[in-house]
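These are the structures in question, set out in turn.
Shared between the two complexes below is chain A, which pairs with chain B and chain C, respectively.
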Partner chain A sequence: MDAFLAQLWIARWPLFDGFLMTLGISVGAIVFGTILGCIVGIQLVFAPLWLRFPFRIYVDLMRGTPLLVLILAAFYVPAVLGLSLSAAQAGTLALGLFAGAHIGELVRGSLQAIPPGQIEAGRSIGLTFPQILANVLLPQALRTSLPPWINTGVELIKGSSLLSMIGVGELLLKTQEVIGRNFMTIQFYVFAGILYLVVNIALDMLGKSMERRLGARL
Partner chain B sequence: MNYTLHFGAVWASFDHLLSGLAIGLALAVAAVAVGTVIGLLSAFASVSRSRLLRGISGTYVLLIRNIPLLVLVLLVYFALPATGIRLDKYESFIGSLALYAGAYLTEVFRAGLLSVPKGIVEAGRAIGLTRMQTNISVVMPVMLRNSLPSLGNTFIGMFKDSSIAAAIAIPELTFEARKINVDTFRVVETWTVASGLYIAACFTIAALLRMLERRFPKF
Partner chain C sequence: MRSSAWKVVAGLGAVSVALVFTQAAQAAGKLQEVLSRGKLVVGTGSTNPPWHFRDESGELVGFDIDVAKMIAKGLFDDDTKIEFVNQASDARIPNIVTDKVDIACQFITVTAARAQQVAFTVPYYREGVSLMMVAGGKYPDFAALKAAGGDVTVSVLQNVFAEGMVKAALPDAKVDQFESVDLMYQALNSGRADAAATDNSSLRYYMKQNEGRYVDSGFSWNPQTYACIVKQGDPDWLNFVNVALRESMMGTTFPTYKAAYERWFGETPSDPQIGFPAEFR
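Moving on to the complex of A and B:
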């Protein structure tokens, strides 16, 4: 244990950097994914059929492909198309696109759960469709999708560990580098696991308490 | 942007991709099979009267669901040998994926267990079955049928997660795709074909599951 603590002290800054990188990438991906997901969700419900179709394909594509394949594709493909993205940017892009599809489905589900009478009521008091969306539908839909949205956040933090495979210096890759130096395999993998656990369980509990609060109000 | 598509390089190694797909499916089948046993035990524990069993099951689910699968895979593959347990990469990956699947299946079966009507359990007890017999011949069939859709979704999820086996050099679809990618540099084609294969497999499995669900009417 003493030997581990000594090694942990030596490795504190790389691990801290990796931890921040993990958080930064996850936050970037959830912000991008949320904006994308709201657009996708609205289109999936209200867009005309011909426009709904490409969004449906996007969602099914993202949900049918493993996250690792998306990450590898986002890492290799932009370069040949003349875009130069860093590994971290490519990884965040992949995670964000993945999250966008999942959040899109969440928003679609919540929007469809709202009784259609409310849209008609909004229209009959003279609101335009964007007004109905902004004042009637979205406030309710976003509230019901909040708990599963937090779940998506947990999935993204877990998913960000896959970026170690394209060389992004997040927590897992830094851990592997540290292990490569001191060969304390069990100790440092368990340590990384605990860090992930702490963040994810905290988020999980936040989601559960929100669910309870929302459940009480609905 | 001067990039012309040449799928030829990918078709030349298409059999590798197909064998990779088969390995991925086999890994998922094995992991879900083992995971079902873990999940059943853990689900029964989670609804049992014993506080200890409930605690164990709850902790297991909480731990596994909040750790990235890749960390679990690397821990089992690289760290277990230090404790004297030596597994080859297939065994260790199936073991990790089964542990992972077990946690998700605990939730699936738990929901299934809670959906079993109380009346039929009491009916089983009333005709003189022991608690164990009631669980096996009354509760289990109904519960398994009711959890079939979520079981199927978990299977598809695990099949997609089998891509992570590429991290420990198991030659499944993602590993083969990455190899073709770096061998030929037909980047766009490789990943299009690889993700096409994954999507086709997922949709086929989903369709088969829906057929299966129709065969057995919901209780």
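Moving on to the complex of A and C:
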């Protein structure tokens, strides 16, 4: 144990950098994915059929592809087309596109769960469609999407470990680098596992408390 | 109508100009591209000492790293003008093919199958399997191990070929497989195994870290050649890298190669022979 703590102390900064990278990429991907997902979700419900179709294809393609394949594709396909993304950029793009499709489906489901009578009621008091969306539909839809949205965030944080495959210096790769030097395989993998667990539990608790606060206002 | 026709013409013109420029860039070749960029982009790993790994301060170090620095030194007379791209072992060839990196130096074993996809440079190391024993132990060298036959236990890193690999050198020995490198060495230290068999470079590095505690059996087998890889179809770039590497092993920059070799493998490579160039003998 002392030997492990000594090695941990030596490796504290690389591991901390990796931890920050994991958080940064996850936050970037969830912000990007949430913006994208809101647009996609609204289009899937309200856009005319011809416009709905490409969004449907995007969502099904992203949800039907393993995340690792998406990451490798985001890293190599732009390079073949002459656009060179750094590993971290490609990884964030892949995670964001993946999250966008999942969140799009969440938003679609939440919007469709709202009784259509509310749209009609909005129209009858003279609201325009953007006003109905902003004041009637989205506040309710986003509230119902919150628990599965937190789930998506947890999935993204875990999924970010796959970026070690394309050489992004996130927590898992930094852990592997430390293990490569000192051979303390089990100790450092367990340590990384605990860090992931702590972040995910914290995110989960944050979600629960937001649900309680928003739920009280329903 | 006329204005839109002009737009099409202008668009085509812009595209063809762009194409001409990209073709000009390609025609100038990788060597010019790297020189005008001012840094060499090298693909390598970060988890395998003594080849490429991060030291305690987080710096990328190792023999592959030093080899890459020799090439950068040849390009810019400055071995710090390198950007290392971290890549997994299975990304070595894809990253070359898609131009993510100029060159990859990542203990790449030369095989004919790989040579169909990428161009190998001249080799800079020949890997093999060696046996290590505790200094002053029961078996001083390979002849003693071989003579002991079935009484010898060899610890080895677990893999599909491990058993066959050991038996190729010691047909009667018992083989104990371990799932990690530290367990394999521990078996040797605790006396559960009489010898540990693993990559010659790993053994050399480990012996260097633990000066005087272990001895090499003096026998190595399973040769495999390590070389860097570059993209196919650019002979000038390949030739430049070959010259830089060859001269670091045979010519003016030998002291750098020698220092790196001593640092990572704890051994001094023999000096190049003066007179007739030995590589043409």
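Criterion: the second predicted complex is superposed on the first by the 207 of 218 C-alpha atoms of A that agree within 3 Å, B and C clash if a C-alpha of one lies under 4 Å from a C-alpha of the other, contacts with A are read in each partner's own complex, and residues count from 1 in each chain.
Basically, contacts are C-beta pairs under 8 Å (C-beta built on N, C-alpha and C of every residue); 3 or more make two chains touch, one makes a residue touch a chain.
All figures in this text were calculated on a predicted structure; none of them were measured in a lab.
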item	value
Contacts of A:Met165 with chain B and chain C, given as first, second, both or neither	both
First (chain B), second (chain C), both or neither touched by A:Leu68	first
Partner chain(s) touched by A:Pro139 [first = chain B, second = chain C, both, neither]	neither
First (chain B), second (chain C), both or neither touched by A:Leu173	second
First (chain B), second (chain C), both or neither touched by A:Pro54	neither
First (chain B), second (chain C), both or neither touched by A:Ile201	first
Contact breadth on chain A, by residue count: chain C or chain B	B
First, second, both or neither for A:Pro14, with chain B first and chain C second	second
Footprint overlap on chain A, comparing chain B with chain C	76, 79-80, 82, 164-165, 176, 179, 185
Chain C residues within the chain A interface of the complex	22, 46-49, 53-56, 58, 85-88, 91, 94, 98-100, 180-182
Chain A residues touching chain C - in the complex, by the definition given at the top	10-11, 13-14, 17, 76, 79-80, 82, 84, 87, 164-169, 173, 176-181, 183-185
Complex contacts: residues of chain A adjacent to chain B	60-61, 64-70, 72-73, 76-77, 79-82, 154, 157-162, 164-165, 172, 176, 179, 185-186, 189-190, 192-193, 196-197, 200-201, 204
Touch list for chain B against partner chain A, complex	1, 3, 62-63, 66-72, 74-75, 78-79, 82-83, 160-164, 166-167, 174, 177-178, 181, 185, 187-188, 191, 194-195, 198-199, 202-203
